[in-house]
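Here chain A shows up in two complexes: once beside chain B, once beside chain C.
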Partner chain A sequence: MPLSVDERWDLIDKISKQTVTFGAYKHTLKDAIAELTVKPLTGIPVAIAVIYGFWSFFCDFAGTLFTDGFMVRLFDEHWLPWLQSVFPGGLGNPLYALMVDAGHIENGVLVASDTCFESFGVLTSGLFVPFGVVLWAVVAFYLMFAILEDVGYLPRLAVLVDTVLHKIGLHGYAIVPTFLSLGCNVPGVTAVRPLETRKQRFLMITLLAVFIPCGAQIGIMQDLVPELMGWIFLTLAIGYLGFGFILNKIVPGKSPEIIMDVPPYQMPMWRNIASKLWIRTSRFLLVAVPFVLLGCLIVGLMYLTGAMDWLAAVFGPLLMGWFGVPEETVAPLIAGFLRKDLAVGMIGGLMEQGIMTTFQVFTSVVLLCIYFPCLATFVMMLKEENWKEFLGSIASLVAMVFVYGGLIHLVGIMLGVA
Partner chain B sequence: MKILLMGHPNVGKSVFFNRLTGAKVFESNYPGTTVDFMKGWMRIGGEDVELIDVPGTFSLEPKDKAEEVSVEMLEENQDSVVVCVLDASKVERGLYLALEIIEKGYPVIIALNMWDVAEDKNISIDAVKLERILGVPVVPTTAVSGEGFKELVSRVKDATPVKIELIVRSMGGGESAAVS
Partner chain C sequence: MNEGEEKFGQIYFAVLGAVALAFGAAELIASAGGGFTWGILDSSGAANPLFLSWRAIILLSVGFFYLSSVKDFAEVHQLAKSVMASIMIWIVAGMAIWSRIAGSIPGEETWFNSLDGFLASYAPPYCPEMFLLPFSLVIMYYIFKEGETEK
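Our next item is the complex of A and B:
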């Protein structure tokens, strides 16, 4: 015979009276720290410091130390020239172009590439992007993230941003999937499950898929255009909040308050952090590397067969007219269906060939972020949403890309930089 | 036989799982991490037993998608022993879930986890008395440091289904309550 809710609480009350005694409450150091990080006056500076520390570590450890310090030199000064000298065929040969270096036209002459961003072969860019750049970014991100998770900082951050996120129909908890998505959108999409209503989950998944760049992508962007990162993040944040606000108004349903549990701070268990780091990094290597190689191959083949030129001609007017980016951007946009990091790397190649202005680089990097989630995220969205919601997400995605992409172009024209 | 690990979010269930199976799992200090449940094997008395880490839930009346999964998993595994992990510094909240599971007729063993936090807060719990009242094994544990795990494992076999009426009666409820 099951008890009613009241009977059960009544029973618990009696039991605890006999078994639990509460001594005088001591205000511990833990409590003091917990309060300092939640109260806005001290909590906001702490949050800024934490995020700044996170970002500095990400840039210095992954970008400066590993990528620039070791990997760029290894790949550009040794690996690429060595392959260029030993791989059979040479410039202009189709297999050589696919595997090592497609080269590019300069003053009407086909010339060899100087960097692994430009060369775009399976063995050059295909290995440089995941192992030279992204791997270190992913390790740095997940190390910091695992520490923040295990210490218990994230729920505090959620409490702090609760008010702001309520304006866009979300709860402070939404900061967790958002933060997680900055590493990879796939677990980010899974982490929306604790949100209570379908509306909240729909809003969150759509916003994540559109406006949150993943760690791989950020790693490459940081390496290619460090001076533009501030603008890129600002643009994405405005889009996230702005479109969240609009979607919240037009999507039917409720956004109830969630009562969230804020656990006490605790010392992280190093074994736990190490195992998390290992699982997440190895998952990245297993999933990402084959896709990057495949992406290189597909894009290479499309160039060789002329399919890319055809697509560039077809979509060129739209890209140029509406978004203000050159028709060559079509290639990274195609690669972006598979892997965003690879796609941003291709923009780097275009940039080094001098095809794009700074503003166009900025626009195309933002476009790459928002135009479509990568294949893996796409599959995850299919799993988490029902058909109606999924179609809704895709429709909002298309609308947002056109509106926001056009808007960015418009602002560029008004500022005289586009 | 299977063993289900159940409890509120953030009571250290995943650390439990980690310690009991030695497997690689995620344990994160924010709600909703274990949405995809984890499975592993643990040894009890020379026998390998399957252990399932059920997503954290506050009660058996689900409030969100993750909690729905937990309730379904409990119902799918009728032949299991449930290790109910409680936050010792918030016993009442945890007992609610534990009682609900007991009412459904599952053999339950209760782990009073975060015993260290309860001590910090000057809360003391008479585990022996609690065990006598409920009729199920009650073991204090501190998952992060591993205290109490040996006892927990050795006592899984003592878990038997308990009639809730007996607990109510032992607390002077039921008929006697009606008299008073």
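Our next item is the complex of A and C:
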């Protein structure tokens, strides 16, 4: 026989009287520390220190130790010269250009590349980008991410940023997909599912696709332009919050509260961390490597067939006039459809050839971040959104790129650096 | 913790807080002017200038955390502030040590560094957080004492 509401409450009272012990709870040191990390006055400085540790470890592990310490030497001093000496055809041969080294023009003469960033062959840049740079950046990122997750800090960060994220129509939990996207946008887009409404999911996916660079891209940026990283992140953060605020006002729908479990702090379990690290890194490589190799091949073919020169001529005026970047940027922008890290690597090649000023490098890198998600993220967006939302995301994205890209150029002109 | 331990903690962490605050202020000023190296103290930000002002903000916070924990030091919420400040020092100093380890393994011309080159990577000057690191470890004693009380 079903119980009435009153009878149910009576039953609950009886059970709780028998099972729950009531009394004064004395806060432990762990509780007090947990409180400190969620109160804004103390929690924000702690977050600043945690992010410092995260970023510092990332730079030294991926940049100093592996990429600069071993991989650059392995690829530039051994792998590239060896391939240049044994691969049939030589400089100027189409197959050689596609697979090893396209070379570049210096004083009217085609010369061989010195680095794997410049060479742009499938076997040189195509392997250097994922294995020489990106792999270490991704390992460093996911290792730190897994530690923060296991310790129990991430939910506290979510509580801490809740107020700020509510201003852009999101919940504090949105920090999790945002953080996850800093590793790779694909799991970041998947992680928006716990957000309550379609509006929140739409806002989150659009902002992730536009303003959050992935770990691979960050790794390459840190290697190429470490001195500009602060400015690049500041520009992206302003865009994330500014356009988030505008989208929240324009997009109809609700942004309700959600209840989140904040577990107590605990020691990380190393087995857990190792398995998370392995799963995430191997998945990432499975997605990234084929796209990087394909990207090198497509861009190489476009150069060989003259399609890239045609595109540069067509889009050059727009790139120069509106965004203030040279027409050569069209090649990285096309490669960026496949892989953003590959595209930033191409900008590195243009930088080494002295084609761009520092401000143009800055603008190009920011444009690459915001102009379009990579193909894998694009597919994931299609999966997570309906057609209407997907088209809305693309329309917002195009508008944001033109408005923000133009604004950055305008600021550069006003400061006299563009 | 007993009264003597509380009194010692109050004085000790007040001094450490004041020193952290002074270091933080110096790093903040240094970050505006490109940094400085004074004897074995390095605030040049040569390794990564972006980190200098970031570190300065953390050190200033550490100073405030220690100083604000001094009143009623034995109370668990107050003690937690000192613990948190020490953890923040461990993060920053730990990363400074990790940076040296990462830089000391690969060689300039060879794959791996020579023994001399390896050892030279750990020579002074050091950043302020590394000087504060051993002094911040005193908090371990208080964590241990608090753990005993909780039991």
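Rule of thumb we're sticking to: the second predicted complex is superposed on the first by the 404 of 418 C-alpha atoms of A that agree within 3 Å, B and C clash if a C-alpha of one lies under 4 Å from a C-alpha of the other, contacts with A are read in each partner's own complex, and residues count from 1 in each chain.
Assume a contact is a pair of C-beta atoms (placed from the backbone, for glycine too) under 8 Å apart; a residue touches a chain by one contact, two chains touch by 3 or more.
Note that the structure is a prediction, hence the values are computed from the model and not measured.
Once the two complexes are laid over each other on the shared chain, residue contacts for A:28 go to chain B and to chain C alike.
Looking at the shared chain after the overlay, A:16 reaches chain B, while chain C stays out of its contact range. After overlaying the two complexes on the shared chain, residue contacts for A:60 are found with chain C alone; chain B is out of touch.
Contacts of A:117 after superposition on the shared chain: neither chain B nor chain C is touched. Of the two partner chains placed by the overlay, only chain C lies in contact with A:73; chain B stays clear of it. Judged by the touch definition given at the top, the superposed model places A:49 against chain C, while chain B stays out of reach. Contacts of A:284 after superposition on the shared chain: neither chain B nor chain C is touched. By the touch criterion defined above, A:36 lies against chain C but remains apart from chain B after alignment on the C-alpha atoms of chain A. By the touch criterion defined above, A:240 reaches neither chain B nor chain C.
Comparing chain B with chain C, more residues of chain A are touched by B.
Common to the chain B and chain C contact sets on chain A are residues 28. Contact residues on chain A toward chain B in their complex (touch as defined above): 1-3, 7-16, 18-26, 28, 30, 149-152, 154-155, 158, 173, 176, 190-191, 193-196, 201, 260-261, 263-264, 266-267, 269, 272, 275-276, 278-279. By the touch rule above, chain C contacts chain A in their complex via residues 48-51, 54-55, 57-58, 61, 64-65, 76-77, 79-81, 83-84, 87-88, 91-92, 94-95, 98-99, 102-103, 105-106, 111, 143, 146-147, 150.
Note for the complex: chain B touches chain A at residues 8-10, 15, 18, 24-33, 35-36, 63-66, 91-92, 95-96, 99-100, 103-104, 117, 120-127, 129-130, 133-134, 144, 164-165, 167-168, 171-173.
Residues 27-29, 31-33, 35-37, 42, 45-46, 48-50, 52-53, 56-57, 59-61, 64-65, 68-70, 73, 226-227, 229-230 of chain A are the ones touching chain C in the complex.
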